[in-house]
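Presented sequentially are two complexes of chain A, the first with chain B as partner and the second with chain C.
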Partner chain A sequence: MTTIIEVSNLTKNFGKLAAVDNVSFSIEENTICGLLGRNGAGKTTLMQLLTGQQFATSGDINVFGQSPVENASVLQNISFIKESQRYPEDFRAKHVFKSAPWFFANWDADFAERLIADFRLPLDRKIKKLSRGQLSSIGVIVGLASRAPLTFFDEPYLGLDAVARQIFYDRLLEDYAEHPRTIVLSTHLIDEVANLLEHVIVIDDGQIIIDETADELRGSATAVVGPSGAVDAFIGNREVLHRDGIGGLASVTIAGLTSTERADAAASGLELSPVSLQQLIIRRTNLTELGGNEKEIEARA
Partner chain B sequence: MDESRPIFTQIAEQIENDIITGVMAEESQVPSINEIAVFYRINPATALKGVNLLVDDGAIYKKRGIGMFVASGARERLVQQRREQFPVDFIRPLIAEAMKLGITADQLTAMLTKEGTP
Partner chain C sequence: MTTTTVHAPATPMRRILNIVRLHLANPWTTIILPWVILGIIFAGTLAVWALILSVASDTADARDGLQYSGSNFFIFVYMLVVAVQAISITFPFALGFGVTRRDFYLGSALTFVLLSAAYSVALTILSLIEEATNGWGIGAQMFTTFYFGETPAERLLVFFLAFLFFFFVGAAAASVWVRWKATGLVMFFIIIGLGLIGLVALIFFAQGWPAVGEFFATAGLVGSMLWSLVITAIAGVTGFFLMRRATPTA
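Right after this comes the complex of A and B.
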């Protein structure tokens, strides 16, 4: 596999705030990567840095083996779909699709037309008269039909309804299967995209807290549910990711189990319940935040 | 898809089920990786990983440039594997639940008889 994005010790400060704080990671060619995290975690800043729209405070970025900053040979291979894309005054949707081929060498006009029909996008209406969802669908269509070797979708579907989002996922997957390329998808709707992702990067407070394949991540936790005593006996001194309890009942999220361990748990009358990617990310994010608080408390003491 | 287990193992199981029930006959062509990915709405790399479990296992074989096919004898071997796994996957949980409810071995046998033989 070829590495298409390679970032090392990257930092971006805005005044005193470290929006991206000394991160290192890489993304392989022709994978779908989820870039997840809370609001203000640093996702958009990171994508702006990767596409040469922000200058790094320090650290190295290599995209297609080169720095993306002011580098036409890198940038012409990138399609970056932003949450808040602005268009010229008086632009109509059709103007976007007419001008897109000027920027994207792989633009597929037929595919764009099929997507326009799928999303029922009115081409002749002025863009400022479009609804929020329709505006988002323009971005989604450009991102898909541009077929750029590296495509970033930054929260592409603000205002898109459930039907339109499903169309987006289905078309993305079909077209990716036919025309493999590297896709970085930033979203809050983790459950919806969980199965599409091959690689998951979670950023929190400017730092990367998870950088794993989706399969590893999925197998990395299980919730054990049962009488507190039995649960505690079973978990022993394993690391606890999360703990809930009601009355004498406990539900404890721990690292993934082997099939023998699962059978043991079942034999001791414990129930094992799945932890979705979304729950897992929430728990791991909370864990680092708690850890951070403890450090702060220690620093104050 | 069940969230608690890797998706690729579930894809492999699903294809195994199709072979066992005869939906996919021996020597018939298996859907392509892309078809599987789109159908189950999963990443193609995950679909490939699932199918490769069956290729490694010998249940499916690849013909270069043509596609993937169900191996002959695959059904019987899969049935055998599932039978060996049956006590762990089904009998033990059944007994655990029966013990929790205070159902005796005789009562359990009676229930199994009453529900009918397969």
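Right after this comes the complex of A and C.
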């Protein structure tokens, strides 16, 4: 595996606000990485830093082994699709697809045409007059058909309906299998993309709180379900991520279990169920937001 | 299965020419619409003039009035707006296509020079037709008005310098906007305004108006227009340095 993005001690301040706060991580070549986090967590700023669109306050960024800032040899291998993309005055979708091949050496015009048909995008209408979803589909098509070795999708599908989103996921996976490349995807719809992601980075308040492979992350928590007494006896002093209860029943999310522990749980008549990526991220994000008050959560539990 | 290849950089000239193509990808705003407007203004002006001539009792006096027309001044202001849009709106779009700020600005500047050249050649050709047809048959002077120069060569130069001036002043103002948004633009106009007032005051107190008049008289139309290159160059260079540190904010 080759590292394609390497970031160390990266900080970006806007006035007093640290949008990205002393962050270090790396992303491997030919993976699909989810960059997740709440609104205003710093996802877009981070992607703008990685693509040379913003200037770092301090720290190092290496993309393809070099700084991306004003570096044509790095930037021309990057496609950055963002939700709020503006287009030149009076442009129609056809102008976007006409000019894209001049900038993306791997551009596949046939693929673009298939996607245009899939998304039913009107090519000849002024972009200003397109619906929110149609506007998003322009970005999605450019991001896929450009086949840039490093592609960023920042909330690419605002306003796209469920069918169109599924088309996006399907085409992304198909094309990724045929033409492996590195894709960084930022989104709120975590469960929808959970199966696509191989690596997950969660940013909160400018800091990275999760940086794990999707498999590690999924194995990092389990929900234990059963009668409250049995559940409490089983979890003992373990850190509780979340607790739900109805009557005498409890469902408690705790850190991942070893196979022996799993067997023990089964012997105590407890049921173990996987926790969805979305639930997991919500719980871990809440934990950091409570500022290390896990004890308080446990006390409540 | 084919792994996507990482490409060696395209040559700097190729990258800059790609920006020119990007600006002209939709020819409607930069090429078609200005000629449509100019055509309508031209036809309208000629029609009014022909009407005046047909009803005027003092034809000589009426003909005198046909020598001045400011109707094609719009095209210069129009190009200022084209430059503003090219810099402010196309910039964030080009960045998404993996373009560097340097290539974007140089490509935009080349686009402005090429458009200036094309438009000044076209206007000069129209002025030649105007001369050949004796003012479109009625002695009208749309493109040969004295303030565009006396010979075709002078007119070509005056048109070219005027286009460059409006393109690059527009580009500089747009760069201020991209870099510092509305606050920056307001400050920019305040500074320019104060500078102009200061200059006028200075000339006034130094009783330099005769000298200023003499300067323009000696320089003549072409000479004065050549001095505009100083402002054009300052605007062009300022725009470059402003855009080198610009960021696309929503």
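As a convention for this text, the second predicted complex is superposed on the first by the 287 of 301 C-alpha atoms of A that agree within 3 Å, B and C clash if a C-alpha of one lies under 4 Å from a C-alpha of the other, contacts with A are read in each partner's own complex, and residues count from 1 in each chain.
Criterion: a contact is a pair of C-beta atoms (placed from the backbone, for glycine too) under 8 Å apart; a residue touches a chain by one contact, two chains touch by 3 or more.
As the structure is a prediction and not an experimental result, all values here were calculated from the model.
Once the two complexes are overlaid on the shared chain, A:A177 sits against chain B and chain C alike.
When the two structures are aligned on the shared chain, A:S228 is found in touch with neither chain B nor chain C. Contacts of A:S220 after superposition: neither chain B nor chain C is touched. Of the two partner chains placed by superposition, only chain B is touched by A:S276; chain C is not.
In the overlay built on the shared chain, the residue A:L197 is in contact with chain B alone; chain C does not reach it.
After overlaying the two complexes on the shared chain, residue contacts for A:S251 are found with neither chain B nor chain C.
If you count the residues of chain A touched by chain B and by chain C, you find the higher number for C.
Look at A:A72: by the touch rule set out above, it reaches chain C but stays clear of chain B. In the superposed model, A:S84 makes contact with chain C only, not with chain B. In the superposition on chain A, contact of A:N13 is made with neither chain B nor chain C.
Counting contacts as defined above, chain A residues 177-178, 180 meet chain B in one complex and chain C in the other.
Interface residues of chain A, counted against chain B in their complex, comprise 31-32, 169-170, 173-174, 176-178, 180, 194-198, 214-215, 218-219, 222, 263, 266-267, 269, 272-277. The touching residues of chain A, when paired with chain C in their complex, are 30, 48, 51-55, 64, 70-73, 75-82, 84-92, 95, 98-100, 102-106, 147-149, 177-181. The part of chain C that touches chain A in the complex is made up of residues 1-10, 12, 15, 18, 21-22, 25-26, 28-29, 85-86, 89-90, 92-93, 95-103, 244-245, 247-248, 250. Those residues of chain B whose C-beta lies close enough to touch chain A in the complex are 1-8, 33-34, 37-38, 40-46, 49, 88, 92-93, 96, 100.
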